[in-house]
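By written order: A, B, C and D. Residues from 1 in each chain.
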Amino acid sequence: MKPLNIGLVGYGFMGRTHSNAYASVNHFFDLEYRPVLKAVCGRDAAQAKTFADRWGYESIETDWRALIKRSDIDAIDICTPNNLHKEIAIAAAEAGKMVLCEKPLSMDTAEGELMCEAVEKAGVANTVWYNYRRVPAVSLAKQLIDEGRLGRIFHYRAQFLQDWTISADLPQGGTALWRLDAAAAGSGVTGDLLAHCIDTALWLNGGMQSVTAMTETFVKERTHTLTGKVEKVGIDDACAFMCRFDNGSLGLFESTRYARGHKALYTLEINGEHASIRWDLHDLHRLEYFDHRDDSLVRGWRSVHVTDGDMPYMKHWWVPGLQIGYEHSFIHQVADFLAGIAAGTPVSPTFREALETQKVCDAVLASGKDRAWHEV
Amino acid sequence: MKPLNIGLVGYGFMGRTHSNAYASVNHFFDLEYRPVLKAVCGRDAAQAKTFADRWGYESIETDWRALIKRSDIDAIDICTPNNLHKEIAIAAAEAGKMVLCEKPLSMDTAEGELMCEAVEKAGVANTVWYNYRRVPAVSLAKQLIDEGRLGRIFHYRAQFLQDWTISADLPQGGTALWRLDAAAAGSGVTGDLLAHCIDTALWLNGGMQSVTAMTETFVKERTHTLTGKVEKVGIDDACAFMCRFDNGSLGLFESTRYARGHKALYTLEINGEHASIRWDLHDLHRLEYFDHRDDSLVRGWRSVHVTDGDMPYMKHWWVPGLQIGYEHSFIHQVADFLAGIAAGTPVSPTFREALETQKVCDAVLASGKDRAWHEV
Amino acid sequence: MKPLNIGLVGYGFMGRTHSNAYASVNHFFDLEYRPVLKAVCGRDAAQAKTFADRWGYESIETDWRALIKRSDIDAIDICTPNNLHKEIAIAAAEAGKMVLCEKPLSMDTAEGELMCEAVEKAGVANTVWYNYRRVPAVSLAKQLIDEGRLGRIFHYRAQFLQDWTISADLPQGGTALWRLDAAAAGSGVTGDLLAHCIDTALWLNGGMQSVTAMTETFVKERTHTLTGKVEKVGIDDACAFMCRFDNGSLGLFESTRYARGHKALYTLEINGEHASIRWDLHDLHRLEYFDHRDDSLVRGWRSVHVTDGDMPYMKHWWVPGLQIGYEHSFIHQVADFLAGIAAGTPVSPTFREALETQKVCDAVLASGKDRAWHEV
Amino acid sequence: MKPLNIGLVGYGFMGRTHSNAYASVNHFFDLEYRPVLKAVCGRDAAQAKTFADRWGYESIETDWRALIKRSDIDAIDICTPNNLHKEIAIAAAEAGKMVLCEKPLSMDTAEGELMCEAVEKAGVANTVWYNYRRVPAVSLAKQLIDEGRLGRIFHYRAQFLQDWTISADLPQGGTALWRLDAAAAGSGVTGDLLAHCIDTALWLNGGMQSVTAMTETFVKERTHTLTGKVEKVGIDDACAFMCRFDNGSLGLFESTRYARGHKALYTLEINGEHASIRWDLHDLHRLEYFDHRDDSLVRGWRSVHVTDGDMPYMKHWWVPGLQIGYEHSFIHQVADFLAGIAAGTPVSPTFREALETQKVCDAVLASGKDRAWHEV
């Protein structure tokens, strides 16, 4: 197997999911390439060292520019807060490195456009970690839609509901809570959660024409971890939007961190002329399917336990009935990325594809401010 | 419409469900016959009068023998505790009345045999109120099985779980709690709950060859409502049994009143070569169906919302999506009984058919005592 | 018991549900009043006669003006298409009759205002059949909210999804399909389905400030049953809207008749600071409840089987575990209406209360056209 | 970290799950020990080599006796068919190796007793891979029971239902299908599936006193892969048994490979005086919990999404709402085993503890033959 030397920037939650994917992928997938955990980069050397020891990274760096300069690194994996994506990605591309970037691609469309231009100019492989596409049930949904089983699509709806920021005592900012800090995250639930819903929707149902949104910040001020002061909260705590897709279907999207009882409830449903599909991250190994063409006496929503060998990715795992979990979606993305390198083909979503999600996010955030419909 | 004059014996819980069925049936079903609530009979005249006023019975009786003697009564409906079924049914039959008897048919097989002989000798229409057969989802299960959709049957399992007698402070006996008094009920959960499971099983899956059972009385003594004294509890609080059906399938049955969290959870599941079926009284308007012949990518348990007009009994009710409830099963049984009279055909389960359930109950109770397998 | 003489206008689907409620209510509720089925009114005398015979109406009328003139009628129950509500209701009120009107109250707010003024000037008891408030699980939700269990509310969402008009071959108009004819119905899913969602929302979560909507007519032309010609479809096939409530919470509503797999899926969910509630018409006897104050190890959504005697309306029915169905919500409304008459208190929703739903519908339909936010 | 040198015998399905556990455990758990994949042993050198390359084993062996003789091996992990467990385990113990043995411990109690004596005499750490104990939801059930939340236990029921052997065309025996060959497996579903149910039950609910069982072989003859001839099937295709536990509760167990629609449906339910628990392998990240002490208005089965950091093992994984899968139960067992070695404490289930399951299996199989109750 050929080595692919990885330089990871950031060792937070996403650093763990990616590292696990690199460590596991060759145990389950037959690939030409083998990721080699060459270096992890973080500002705090001690923490970087601890992380490196745990996951088997061969070295650490404390400056991502130094990491990018290293000739023994093939690919830069960006797991930093959103406000650093652009600079790192462009520098990496200019240094001829492949770039794997956490989602959302960028703080906004303008940044994202520069990033796309950089990787395209450099001709380097690139991808964005919209991992939920590669939950087998979601991949199966894509397959069923592409086979035409649903017919003309009328409705698409998705929600991503959480409840972890309801307490007004929760601070914002800093390493652990940068997602609540507009300066680091760019937006709140829109970039963090809706971006996932939008990426999947564009993939499953095609482009969006126009959107109108409603946003809200329920807790207006929070202590900032870095300054110690009570500061205005700049992110959106909740965001809902309606849209029209290019295919004529109607979309309804909602995300919030104030939905008591939901930890990470990403759901989606698509209603077609002949059949409908539902999925729910809280039971990610199931796909709900309804087919109107079934014999009417036994027609009903089917709960498909997506664990059989003929279902996407599942031949690589266990036996029917035995479910996989969240982190496997990252393993699948690495497997596809490595296969893409071997084949010389881009791996979806590329930066350019992920930029479409950014455009929708921008339109949504703009509409949240001016209360008007926006073309995407 | 022709009148069918009803004389109801007993005005407890079952008296209500039957009266409601008589009062409602012609609103929803087109029938030759119309039940007329001629008389209700109970020992307490004041209570009988209150009941009669509420439901529109034209008269009351306090002695069931007097009721049976009345020439203006066509059918006797027995809603008394089990220990009175035999005597009333035989007298009614001998008086040439049709007989509708609450389940279980009798205290034991010997009593039941006499009852069968009486109605058969008299040539009167007769039925036993095993109402769950006529929950539309259960009727649909019967239809699917009869159409051969399941193929060879391997397994049948049923349970009827409740939790209302866990408190040792609950007394036994008297009007409200005769089901806890062996003298009035004959047995505990076996006759009260398992009898339903057995009736449905024999209907759906054919006869049983042999059984072995385990019974238990968790609370050994309870105050008797009638005597005021603490007395030994004679009923079975819980009963489980295994069996072999004539068709080679294996059966597993369980009932208890000590399953915390279950109010009246009657469930059944049948596993066939090609397809399986599940049902649950707590969501009685749904049938779960799995068909192995489905395309493997979208194969899963289907939740069939049994509310469409092409499903058993449902064209008489509302529109798709709008569910009916528990009491409708009794309305269906009355509708079928009235149609049967008009057509001159027996309505299942007849006394003779219900006697088969009695035989299984006897074998189960005997096995509970001697711990051996019993032929049915 | 005192009689309350009912004159029913219309004998379609709603005529059946109301008639059943009148026929059953005194069997299950102890009330001072007893509805007497005095007359049913419909243009087709033969059909009216058939309906009267089935349900026991003493007489028929073919002109609702004649019905209103009758001195033996106490209350007029309006079950006609929406375009007739106003005229009948006002005439009935002016004749001093109580008025029970099917929902939505009127074709628009202006009409509704006139109706309110008429019943208020006449001082007659009045109510609108928003029956879903009285599904026990929904009434329980109201009780839990009023007890303050949810704390500050952040989100309210509701949907009413059907799939029965997907076929372009379905005609519009006439007796059976007036709901597809804008002239008779006023609007499509907004007045038919969203009106239910809005009524419940206003009741559970208080008033709405502003809305923005998206509407669509997927099938643009259908044969009209009355003219035989292919005509433009004037109703909304689908409608979604976002809103802000007076209490600061965000709302999301959607209705369609193009959601394959959903027969009559009315769902609602409310997310509060401490607790959340969910309900679904397809399993109307259950309420889902999540309470964050639960011990964290056993914290989860609870599926409450709303069949116990201490739950709203349920002491009037069967025993724990045995569910009721759709039509019971109408029986409950009649029971409350009769109790209200006896007590001399208005029964919610009155015309005036139902007018609030009309205002929201008008704002929603206006927004669907001009794509702007509208104050309610 | 201290190395623990592993010698794995067998590279089938279980070889994969164990290897993955060894490879991953130190990424997620802080432990004194680190498993080193020293050698894998299998009869086919080429396949062993392929397996070793994939998982990073440093060497291969084709004779387990040679493996046991190696001084660089600390622990022998037995993943062979059941008929080899005894010989390998005893030899390993005698060589002073720790022994990790796949379940069931042995072909029967007599063998198991010898194995217990061997490891106890040698004083080596030992454990049996009853991995389902360490699914977090099942571990949580144990914790809730040990805290006394359920009160007196009345009922325990478990089932393990599969459907993969329904086709009569499936052969028996050989590498892939040794579970269908009585010579290699000892029994059918009893040792393969019920053994899991029994192990969990003994752990959660204490010892069993007596059992009575029913077994069946639906397909009487199958082609044997090794001989090519149609041979009698010696295993049990289905087995159900009833039992009495030491604590007075009643047990009901069932397993089959002929339950159409169930892939690997291991379910368990425990009914206590105050509370009940349910679990289901098909949604292994959820625990259902009912507590009768809840406020009656909001009392219902709770669906606990076992993904929070305060739940067993879950602080080592992701964030609330993100589920783990099947293989994680093996990682947990390795983590506990390594911690046990460091602490010098035995890790449950030891051989001696697993022998109790063997005794129940023997009693069950004996009862399946003579149809009598057997003391355990």
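Operating definition for what follows: a residue touches a chain if its C-beta (ideal position, glycine included) is under 8 Å from a C-beta of that chain, and two chains touch if they have at least 3 such contacts.
This one's a predicted model, so the numbers in the text were calculated from it and none came from an experiment.
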Where chain C and chain D overlap in contact partners, by chain label: A, B
A-C or A-B - the one linked by more C-beta pairs in contact: A-C
Furthest chain, CA centroid comparison against chain C: D
Mean-CA-position distance for chain C and chain A (Å): 42
Centroid spacing, where centroids are CA-atom means, of chain B and chain C in whole angstrom: 36
CA centroid of chain A to CA centroid of chain B, Å: 55
Residues within chain D bordering two or more other chains: 262, 286, 301, 305, 308
Interface residues, chain A side, partner chain B - complex: 140, 143-144, 149, 286-287, 289, 291, 294, 296-305, 308, 310-311
In the complex, chain D residues that touch chain B: 150, 154-155, 157, 161, 163, 166, 212, 214, 216, 218, 238, 240-242, 244, 248, 250, 252, 254, 256, 258-262, 271-276, 290, 292, 301, 371-373
List of chain B residues in touch with chain C within their complex: 13, 17, 19-20, 23-24, 26-27, 54-55, 162, 164, 262-265, 281-286, 305, 307-308, 318-328
